[in-house]
Every structure is written in structure tokens, then in C-alpha cells.
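Structures are listed in the sections that come next.
Shared between the two complexes below is subunit A, which pairs with subunit B and subunit C, respectively.
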Partner chain A sequence: MARLLTGPRAAVWSSLTAIVMTLLTAGVLLLVMGRNPAVAFYSFLQGCGFAPKANYGGGSGMLSDLFDFLTYLAPMLLASLAFIVAFKAGLFNIGIAGQMLAAGFLATVLAGYNKTLPSPAAKLIVVVIGIAAGGLVGAFVGYLKYRFNIHEVVSTIMINYIISYLTGFFINNNYVDMMTRTSRVCSPAARLCLTNVQIGGVNCKIPFGMLIALAAAFAVHFLFSRTTVGFELKAVGRNAHCAQYFGVRVGRRLVLAMALSGMLAGLAGVNYYLGYTNTIIPKTLAAMGYDSISVALLGSASPIGAIFAAVIVSIFQQGANYMSSMVGVAKEIASLITGILLLYASCGTYMKIRAERVLQRAADRTRDAGQGGSGQREEA
Partner chain B sequence: MGEYVVEMRHITKRFPGIVANDDVSVSIRRGEVYALLGENGAGKSTLMSMLFGMYEPDGGEILIDGQKVVFHSSTDAAARRIGMVHQHFKLVGNYTVAENIVLGIEPMKKKFGFLPWVDMQEANQKIRELSAKYGLEVNPTDRIEDLPVSVCQRVEILKMLYRQAEIMIFDEPTAVLTPQEIDFLLQIIDGLRKDGKTIILITHKMEEIKRIADRCAILRRGRLIDVRNVADTSVQEMADMMVGRPVNLSQEKPEARFGETVLTVSGLTVSDEHHFDVVRNVSFSIRSGEIFAIAGVAGNGQTEIADAIAGMVKIASGSVKLLNTDITAASVRERALAGISYIPEDRQGTGVILDFSLRDNLALREYFREPFSKNGILNDEKFNSYAEDLIARYDIRSGQGAATQVRSMSGGNQQKAIIGREVEEHSKLIIFVQPTRGLDIGAIENIRREILAERERGAAILLISLELEEIMALADTVGVIYRGELLKTAPCTELTSQDVGLYMMGVKQA
Partner chain C sequence: MEKVFTDGLSFAMPLLIMAVGAIYSEKSGVTNLAVEGFQGFGAFIGALIAVLIMPFFPKGSQTVIYIAMAAAAVGAGLYACLHALLCIRFQANQVISGVVINILAVALTTFFTSAANKAITGTSSNKLILDVSARFTVPGLQAIPWIGGFFRKMYPFEIIIMVLVLFFWYLMNKTRYGMMLRACGENPQAVDAAGGDVEKTRWIAVMISGALSGIGGICFAYSLLANFSPSIYLGYGYLAIAAMIFGNWKIGPTALVCLIFGLAKSGGYQLCIAMQLPSSYSDLFLMLPYILTLLLMVFFSAKNHPPKAAGEPWDKGRR
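This part shows the complex of A and B:
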């Protein structure tokens, strides 16, 4: 195992190790609570449509669960891409939740409540509003950093609050549904998924977001591996002083990185609020905005890695409801598991160093043995 | 007790892709100054890091006072009275001198009979005594971050003395010092020797070895070449053994052929963030084929002049002209394209991106234009072939070729990469700031030859150096800077080192 953690695919193996360790830890937790971990983990999969449930309600089936899962996965992946883009340029965007909410709210109000727009136009407008709103918030954060040297962590936390209360105020005043106390649902024409599609006799919800998210993942990958702009963004992230020295306009690149990050967060927002939930709870930020950071780190800040990481984290978050009803553990355990996952993922570098040391000792031992075995080295 | 206080027998140490030490044996006598001479990457620091317990050897054994020892950490080494001053000091910036020195072995007292308490009073007192005894003047209550490097080095030496080290390792101690500070340090080392301490000096400067060391081990590419008595060995012999071929210690400078004026700086004034003028009303011009050198003590505004010409800092007033174009308001990129190359002072902080590959670092001046990229899409093959070409022609050595992370390369090879990248632009003006600082003789020889070759090609060269010897060897015209002002500008032949030294101290007025 040590060899895998230091090899060329180290990032993949350390992420896999983190997942296995998380499952073991969560398993012990479940055992302590007197539950069968195998049943619990299986029910996570059942809840996401990867395995058949014992019985289904009328009109639904495994396939409808799977599509529901994808509806959740799409904004999760987009949000983690948003984090990655900023992270590569040396910025820590923890305002993704706020950017999602700003985009989701504006798209709901401007397009979602418009009953006259035809479906394709409405969906397109929603996407454009999402990108524009998120991008503007992101660019503003970048500008604050560039012009006034305000750290993005500080400004994004503040802006999260502002957006949360501002949208909450307008929803409560103008757009509230008196029954649910959340915003009124938006028209099906504007939603970024097709509802009530019959496939194989079950009712499915087809998300467009998944296509957008996958395309975005490859676009981000392309940006950082093949383009001059990506090269400059990475340079700014690694050594801004050197970037300035070889002619990059660092301030502009910071604004661009935050704008791109905001755009992706905005896309995540419209897919979350107009695809997955279809309503906005006032004064509440989506936990997904923060879960996306775990996803990005679990995927070693690589856009392709994020695809797999998003699937893992989404299984826990989306499958939690069914797991909860099956084994009787509160569904908040999903957030706990995500937290444990983040912890192990952050340990990746440490594990790599440990692995290098183990290999070094092993090499020492074999050499000592070869020279007549004088070594009385203690075991690592 | 035997003759030797330290014996390292058949030491071998491997790192991925490189054998840092290959069967090296050295024996060091009590109370001598023992020098380790070698180029960058010859394995001097690695060998001493093993004596100081920072690495464990892959083969061989270490004996202290004739006893075999195995060090798992530098704490183990310190327990055997070994101390080390690293090239990059290991000090806590916001702690005082005394706090740094006692850190880890603080004198403890019990307040009210039970509360453990660090007795800084006693620490300060002890440090005052030590510093008086060895002539290492420091104020125990000063904060490290406020102190110049030469004082930080004294603190490091006091740290070893406070820990009662008998064997003291100095890793390139003079790399960061001015000539006067070097004299002072050598006196201190001599004093320590008289006090019975054993000194190991890692260096690549033969003059220092000549002045202070008793014996000298020469390492080359991980192998021990020879151990010599310094008194019987000439500087030339040492240099030849170190580099592995006959070395030309004095560069031959062809006759100057000046052409048109390339750079004109007039009335340049630069302010720092506190609105203090660090460069004041500086004017000079450089012709094609001319090396214009700015001499001065560190921190008198030299680097700001270079940054201002390259466009990295704002100019408060004055103008910069390249040929007949005013570039005072141009961006960094525009200036580079107009024909300015810049080898910056801070190699690792400005000149390269340590986490990028060598390949990417070599392309920093080219990546944005054809054939390196087209419509914003990078051309990997061009990146690779360009890197291979530069690596071969500028002899840049690295573990994994173009793919090597620059962080893992030696300082000399990082500098070769920067110079290769900048010279390859064939610019009209090349700015060299401290191009040979901290490098060994082979690398210095190479870089000076490169500078002279560019002069022959007809480039205008601005050379900023703290080493007077370098300026006198290369410059056609010398400008001496003192507190941001050019006190004197004259052809190099009309000035002696002595004159320049006086202007540098601001003693002599033009």
C-alpha cells in the first residue's frame, strides 16, 4: 500500500484510502449504535437507486431513485468545480452557498414565476441568469481583493449573510407560499429537469444539469491543462509575485478566477433551486455549498477527480433519508460521514509522507540484511 | 581518547534518482577547522545533515569520540554536543534573541513554589555573558525580525554555544554576508577554535578556506576526491579538484565595442509603501555592448531601480526610455516584448514558480505567443522541445529532466534555468541582479561567461551586484549608489576598488 501512495497515481490511491477509512470509521460508529453497518451502507445505495429497494410506491422504481440522485449530483459537482477553479488560483471561495442562493433566487423570481415563457426559452434564461448572477457576485469578491486587499474568506462569509437575509426578506414579503413557508414553486417550464417522464413504467425526473455539470468538469480540466489562461491562473495561485514578474496582470486574473468560480456556483445554484428542490427556504444557505469543499478536496482539487468524489458524497447525502427509515439512525449521520471523509481526505499528504518513510525503512532493512544483517532497527 | 573526534566511515546516502554521498569517509581532529569544499549538489550539506541527525545514512557508520552512534534526530546529535548553523536560519521571527536561543531548553523556575515559569531574566544574563566571552555582540531582548542577517547568524552561533556544542557545523555561512561581516565571522571562528571547539565549514569559497581552515576535504558529485592540508594546497589546485577540470579563475574580457544608446533612465524616483523615496532622481544610460554596473551596500535602492525598469514597481517621477520609445507607462509584458530581460534578485520567490515543472518555468517568457500557443491553446510539444533544447544548451541539471519540479533542483541549476530563459529572448537590455549570489565557482564562471557573451552580442547590460570583485571584473561603467542616489558614475578603468568602497559607504562625495 505504501508503494501505491507514493506512485504516479498517488492522488487516486489516497482518495480511495480515505473512502475505505471513512467506511470503517462509520461502520464502527454504527456498530456502537447497535446497527448493522452492512445493512446501513446498502440502504444508502438503495436510496440512490443503485440497488433495488424491497418495495416501491405507486409509479416509482429504482430508475426514479437513480434520476433523483443525478438531480442532486449535478449541482454538487458544479459547486465543487466552482471551489476548484478558485482554489487553483490560490483563492478559497467559501461563498459558494451564497452565490448559489443569489443565482437561484434571481432565476426563480425573474424566470420561474413567469407563466408566459415557452419551455426552452425559460430554461435558457434560467441558465443565463444563474451564470450572470453567480459570476457577478464572484467578480465582486475578486475585485474587493484586487482593489482593497480584502481577503476572500472574509468577504465571502459577509456576502453569504447579506444574500441569505436579503433573499429571505424578499421571499417572505413577496414570494412566500403560505402553506410551506418557503418560496412558491416555479413553473415547470423554467425547471432544469423534465418531470413525470415515463421510463419502463416508472415516473422519472430527467435532469439537464448532469449534462451541464459533466461538460463543465471537462471544460475546467481543459482550462487548466491546455490553455494560456489556465496556465496564468495556476501561476497566480502558486506564486503571484513570479506571475507579475513574467507579465501576468495578477489583479485581473484574481477577478477572473473568482468570476469563473462564481459562474459555476451560479450554475450549481439554478440546478439546485430550480432542479432539485424547486423552492427556496428563506434565510437558509444550502449545505451543499460547504459539502462541495469536501468533494473538491477528496478529488485532490482535480476536476475529473471531483466527478467521482461528488458521486461518493452525494450517495451519503441523498441516500440518508432511506437509510434513516430502514435502520433508524437519524439522517444527519450523512453529514457526519461527509465530515469524516473530509478529515481523511485532508490527511492524504500526511499519509503520503508516512508511506515514503515506510518504504525508506524497508529499503534500509533489505540493504542491512544484504550486508550481513547488523541492523537492529526498530519497526516503524 | 583517539585522535579523531568525528569519524564518518563509508557513508552512502541515496535520494530518488541520485546518489548524494557515495562511500565517503572523513575523519576530523579535535580543535581543527575542517572545510568541506564542493560545488552545488556535491553532497557536502547531505553529509553534514547526517552528522547532525537530520537524515540517516543508507550505508556506513558514524563515530563520535571513537564510539559508534546512530542518530534518529538532531536532538540525538545535540546530546552528543553537535551543533549546526544552517544556510537558511532556523529562527522564530517574532521571538526575541534570548527566547530563540533558549527555545527547547528554557531555564525553569517554580513561581510560588509550584507554578513552572521560564526565567527569562536568567536566560538574558547567561546570553550576555556568552556574547561577551566570544565577542558576539547581540541584545538578548531584540526581536529577530528587526535584525539584519549578520546578527541573526550570531544568534545561531550563540544557540550552539548555549547548548554547549563542541562540534560546530557551519553551512555556507558567508553566502549572505558583506566583506566586512565575513572578516568578522572568520575572526569568531578562529576564536572558537582557540577555545578548543571543532569547526566544520561547508563552503565553496576557496579564499575563506585559505584564510581559516586547517584541512579541507573536496567532494565532487557525491564522491570524496581528496583531503588536503590547506597550507600546502593552492587556490587553483582546490578549484580544479572541485570542478574536475582546470578552471579559469580570471575571466578574459574582450575590448568594448559600444553602439547606440539602448536604455536611458532620467530623474528616476521610486517610493516605497510608506512614501519614502528609496530611489532618488537617478539618471544614467547604457549603450549597446556596454555593461553598466551599480555597486552599493544591500538595501540602498538597487533592486528598486531594476524593478522600476522592468515595470514591477510604480515610478514616482522620472522616465525610462528603451531605444527611442518611452516605456515609463508600459506594462511588464509590453516592456519584455519591447526587449527587456530580467534576472531578478530573489531567484526562488520571483524568478521561478517552485511548484511548476522545469518545462513550464522555461516557457514563462513565451507561452502566450506562437508557436507555444495558438488562440490561447497551449502547444505541449513546443513546450517540451524548447525545454529539452535549453536544458542541453545551458547545461541545466535536474533529476527527471524537463518534468522535474523546480523546487527539487539546486539553487545553481535554478539560476541556470532563469538565465537560459532570459538570455534566450535575445533582448536589447538584460538586467542581472545578484546573478551569482550563493553559487559555486563552476556556476559563477559559467554565468560570467554568459554575461560577457551577451555583451559581445551587443546587448546593453545592467548588472547589479553586492560583490565588488564581480563588478570590477565585468563592468565597463560603474555607478555607485548610496541611499537611493547615484553618487558617482565613471568608466570602470578610472576607479579602483578602494574608491568604489568609499563611495559605497557614502564617505566620498562626487
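This part shows the complex of A and C:
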């Protein structure tokens, strides 16, 4: 165990440890509440289309659940990539939810309500608006940090609430659907998924976001492993003074990191609001903005790790409704499990330190044992 | 006009006690972005205890509020141990830890609020309904023109918080423990060399921070919202952190900033009413404290002197 946590695949093993610990904790919690954890965990999988449900409504099936899951997974992965890009440069983008909302709102208003745009053009415009809106908010945060030394956690939270109230105001005044009290649904032409596709006799929703998200994951991986800019961003994150010393323009890199992060968050936003939900609840920030932090940390801030981590967190979030109806535990337990996961994931460094200490002690012991004979002689 | 002062003070006081909590933690060298989580968790424990004991008291009894306050302080203080554990013992990144604490607090309280509601009342609501604290008016002082509003319709907790803030100002600036705490945030090696226990001092500071934030949270729940629900997470914890930053980690100036925040919030709200705008416009005025925070930060952030060792885990072996 200790060897695994210090070996070359340490990040993977510490994430797996976090997952096992979380499942154990959640299992105990479910047991205490008098539920069968195995049934509960299985129903999470059923809710996401990984396992067949007992019965299905008309026109839906396991495949439609699976595609719904992918529709949710895409923005989750993008949002966690947004966190990762900033995190690598030493910044904490806690404002992903706000950037998502800004992008989703602008795209909905500018393209989603435009009935005349043909489908491919509308979708392209939505993506461009998402990237631009998120990127601008992100760059603004980066600029505040670089120019005025404002801690990005505080500024992003303030901007989150400002965006939330501002968009809420416009939705309530101009774009509200009187029945649902949310924004009017956007036109199918602008949505980033194909709806009502018949596959094997069931209705499916095919998200384009999944392609975008996977492409983004590999792009971010490429950025940090193969390019100078990525290296400079990492250098700023590790030690800004040192980076400045060998010629990196730290301020510009900070702004760039936040802008890239914002762009990814904006992409997540359009995929969430114009793919997954199709409507915006006024004055509500998507919980996904915060869940993405769990995903990023669980994936050890690696873009490829984030793909797997996003699947795991999304299973809990997306499968919660079905689990709740089957087992009778409030669906908010999904957020609780995500929170516990985040807690264990953030202990990764400590696990590593402990493991190193255990190995060190073991090494000392074998050395002592090997020198045992000579040691006694010296004492005598 | 006087209502601006009345409401402004009742918003500023819980904010101030949270900011004082944040100052304690940061002055001891532990970056504290977890205020939001502490206040929510404290409010949840306080509200839960209040709902549980309410049947044993006559309706509208004020004793419940004080018990809830104590429970909130204890609950949030214990919850803060998690932050201390992560930051001090596990040497985790303190900013990450703060974010973790906040997210976990939202998840924990949301889930257990519905669970508790189901167990106590049998309904699946996500709110713990509380009473509203009684108010009182200070005779004499309330007749002063303009600022008389400060002394009208006060909540009892405002007095409690003022006393607490004075006490904690004294503890920080005039006692041996306070000096050690401040030294831990500037130069922990020196404290260690002088025979002080850095880890213990920081643990206590973080727990104080949690307890004070918890009091702030239950005051919000008992005055502004009259219930506990996940909507308590309005970012007020972050406003408190912002107030601390403008206040340059000093309790006196921080109090002033909190008051400005409070007045901006109530002033905006009253302005909205005075201009007879439709209620949906109130959203625009609710943005005011957040915008003001950003603006103030633009002007004041660069000149700040945060505690030198804040954010760095204490490593005895390092020089």
C-alpha cells in the first residue's frame, strides 16, 4: 500500500484510495440510515444507464439513460478542465459556476431565442458566445489578480453573485416562462445536442458536448505536456518568483490562465444550459461549478485523470434521482458523497507523506536488523 | 432613512463577528477561506437544536435563541477542527482546504436538513423554520437625529456581538496568548524557539474562528431569514473575508468596513423602495455589497500586509 502511494502511479492510487474511502463512508452512512448500501450504489448505476432498471417508461431505455448521463458528463468534464487549467498556474477558479451562467445566459438570449438561425450556424454561434463570455469573465479575474492583487477566490465569488443576480434580473423581467418560473426554453436549433433520436426503439438525446469535452481534455493535456506556454503556466503555479527570474511574464500568464479557464467554463456553461437543462433557473448557480472542483482534485489535476473522475462524480450526481426513488434517501446525498470524495481527495498529499514515512521506517528497520550483530558488539 | 441605519447595523454585526473569526485564524498563520462553511454549519447546528428544544419552551421564548447561539458556536467550533486537521496536521494546501470545507458544509447541511425534517416533522422540506428574534429600542439614544436609527429595533445579538468583539480585540492585542497567536502568523520559528507551541496555538485560533463564524451564521438565520435552509450560503462569509482584507487584518478598521457593507446593503434596499421600483429590481440592489467589495478591493488590496506566514504549513524542521 505504502509502496503504491509513493510509486510512479502514486496519483492514481491515492485517487483510488479516496474513492474506496468515500464508498466505505457513504456505505456506513446508508447502513446507519437503515438502507442497503449495495442496493443504493447499484441504483446509482441504474440511474445512469450502466445497468438495466426494473422497468422503463414509454420510449426510454437503458441507452437513453446512458446518453442523458453523457449529456451531464460533458459539461462536468469541461468545468473540471477549467478548474485544472487555473489550478496548474496556481490559481483557484471558484467562479466556474458564475462563468457558466454568464456564458449560458448570453448564448440563450443571443442565439437560443433567435428562431431564424439555421441549426449548424446557431450551434456554432452558441459555442463561440460561450467561449467568449467565459473567457472575458476569466480574463477580468486574472487582471484583477495581476494588477490589483485581489485574491481570485474572493473576486470570483463576488462575481458569481453579481452574475447570478444580474442574469436573474433579466430573466425575471424579460425572458421568464410564466408556468415554470424559469427562463423560456431555447430553440432546438441552438441546442448542443440532437433530441429525439431513435436508436434501437428508444428515444435518445445525443450530446455534441461529449466530443468537445474529450477534445478539450486532450488539448489541455497537450498544452501542459508539450508546449512552452503550458510549461510557463506550470512554472508560475509552482513558484512565481522563480518563473519571473527565468523570464516568464508572470502577470500575462496569470491573465492567460484565467482566460483559458474561463473559456472552458464558458463551454461547460453552454453545454449545461443549452444541452443538459435547456433552461435557466434565475438566481441559481449550478452546483456543477463546485462539483467540478471535486472532479479536478480527484483526478489529481490531470486532464486525463479528470475524464475518469468526472465519470465517477457524475454517476453520483446523475444517478441520485433514481437512487432516491428506489432507496428513499434524499437525493442531496449525491452532493454529500461528492463532498466526502473531495475531502479525501484533498488529503492526497498527506497520504503520500505518511506512506513515505512508513517506507522510511521499514527501511530503517531492515537496516537496523542487518547491522544488528555489529551494533551489539559496539555496545559491549 | 433611519431604517437604513437599523438594518445596516443588524447586517454588519454578524458580518463583523465572522470577520473577527477570520482574523483570528489568519493572524495565527492559517489562511481561512472556510468562513462561509463555518457560518453555514454553525447556523445549521444552532437551528437544529432550536427546532428540537422549541416544543419545551413557551411560544416566542427568547431563551431558545441564546441556546441556539451557544450550540452554533460549539458546532461550528468543532467543525472548524476539520479545517485545522487538514491545514495544521495534514499540511494540506490551506486554500484547497477552505474550499473543501465550504463545499462539504453545503452538502452536509443540505442533506441533514432534509433528513432532520423528515425525522422531526415528517415532511420533506429543506428548511428548518425558526422564530424571529425579538427587538428592542434603546431609550434616549434613539432620539438622536440620523444615527438614532442605530439604536432602534435592535436585535439582542447585536449587543452580544459587540461585547464579544471587544473581548476578542482585548484577547488578541493585550494578552500573552494574543501575542503568541500573532507571532505564529508572522514568524512561527520564533515562537517555537521561545518555547511556544505553534500547532496548539493555531488549533485554538482556528476553533475560535469557527465558533465566531457560527455565531454570525445563526444570527443571519434568526434575524434576516427566520429559517435555516441552503439559501443561507449567500457568500456573506466571503464578504467577511473581504472586510478583513480591507481592514488590514485589524479588528477596528474591519468593524468600520463591515458597517459600510451593512449600510450599502440596507441603503440600496431602501433606495429601491423609495424609488418605487417593481420588486424584481431589488435583485439589482442586492448586487451592491458584492460590487462594492470588488471596487474597494481594487483600491485597497495592493497596500495590504497579510500575516507573513499565513498559508504556509508549519514545519518544525525548516529554517
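Here is the rule we use: the second predicted complex is superposed on the first by the 363 of 380 C-alpha atoms of A that agree within 3 Å, B and C clash if a C-alpha of one lies under 4 Å from a C-alpha of the other, contacts with A are read in each partner's own complex, and residues count from 1 in each chain.
Methods note: a contact is a pair of C-beta atoms (placed from the backbone, for glycine too) under 8 Å apart; a residue touches a chain by one contact, two chains touch by 3 or more.
Since the structure is predicted, the reported quantities are computational estimates derived from the model, not experimental observations.
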Mind checking the superposed model to see whether subunit B and subunit C fit together on subunit A or clash?
clash
Check the residue A:185 against both partner chains and state whether it touches subunit B (first), subunit C (second), both, or neither.
neither
So, does A:241 touch the first partner subunit B, the second partner subunit C, both, or neither?
first
Please indicate which partner A:132 is in contact with in the superposed arrangement: first for subunit B, second for subunit C, both, or neither.
neither
Considering only touches as defined above, state whether A:347 meets subunit B (first), subunit C (second), both or neither.
second
Determine, for the superposed model, which of the two partners subunit B and subunit C contacts more residues of subunit A.
C
Could you say whether A:227 touches subunit B, subunit C, both of them, or neither, answering first, second, both or neither?
first
Is A:121 touching the first partner subunit B, the second partner subunit C, both, or neither of them?
neither
Tell me which partner A:158 touches in the superposition: subunit B (first), subunit C (second), both or neither.
second
In the overlay, one of 25-33, 97-105, 313-321 or 457-465 from subunit B clashes with subunit C and the rest don't. Which one?
97-105
Shared contact residues on subunit A for subunit B and subunit C?
none
What does subunit A use to touch subunit B in their complex?
226-229, 231, 234-235, 238-239, 241-249, 363-364, 367, 371
Could you list, by residue number, the parts of subunit C that touch subunit A in their complex?
33, 82, 86, 89-93, 95-100, 103-104, 106-108, 110-111, 114-115, 118, 124, 126, 234-235, 238, 241-242, 245, 280-281, 283-284, 286-287, 290-291, 293-294, 297-298, 301-302, 304
Residue numbers of subunit A touching subunit C in their complex, please.
33, 92, 94, 144, 148-151, 153-155, 157-162, 165-166, 168-169, 172-173, 283, 290, 293-294, 297, 330, 332-333, 335-336, 338-340, 342-343, 346-347, 349-350, 353
Okay, in this complex, where on subunit B does subunit A touch?
56, 58-59, 310, 312, 331-333, 336, 342, 344, 349-356, 360, 364-365, 367-368, 373, 376-378
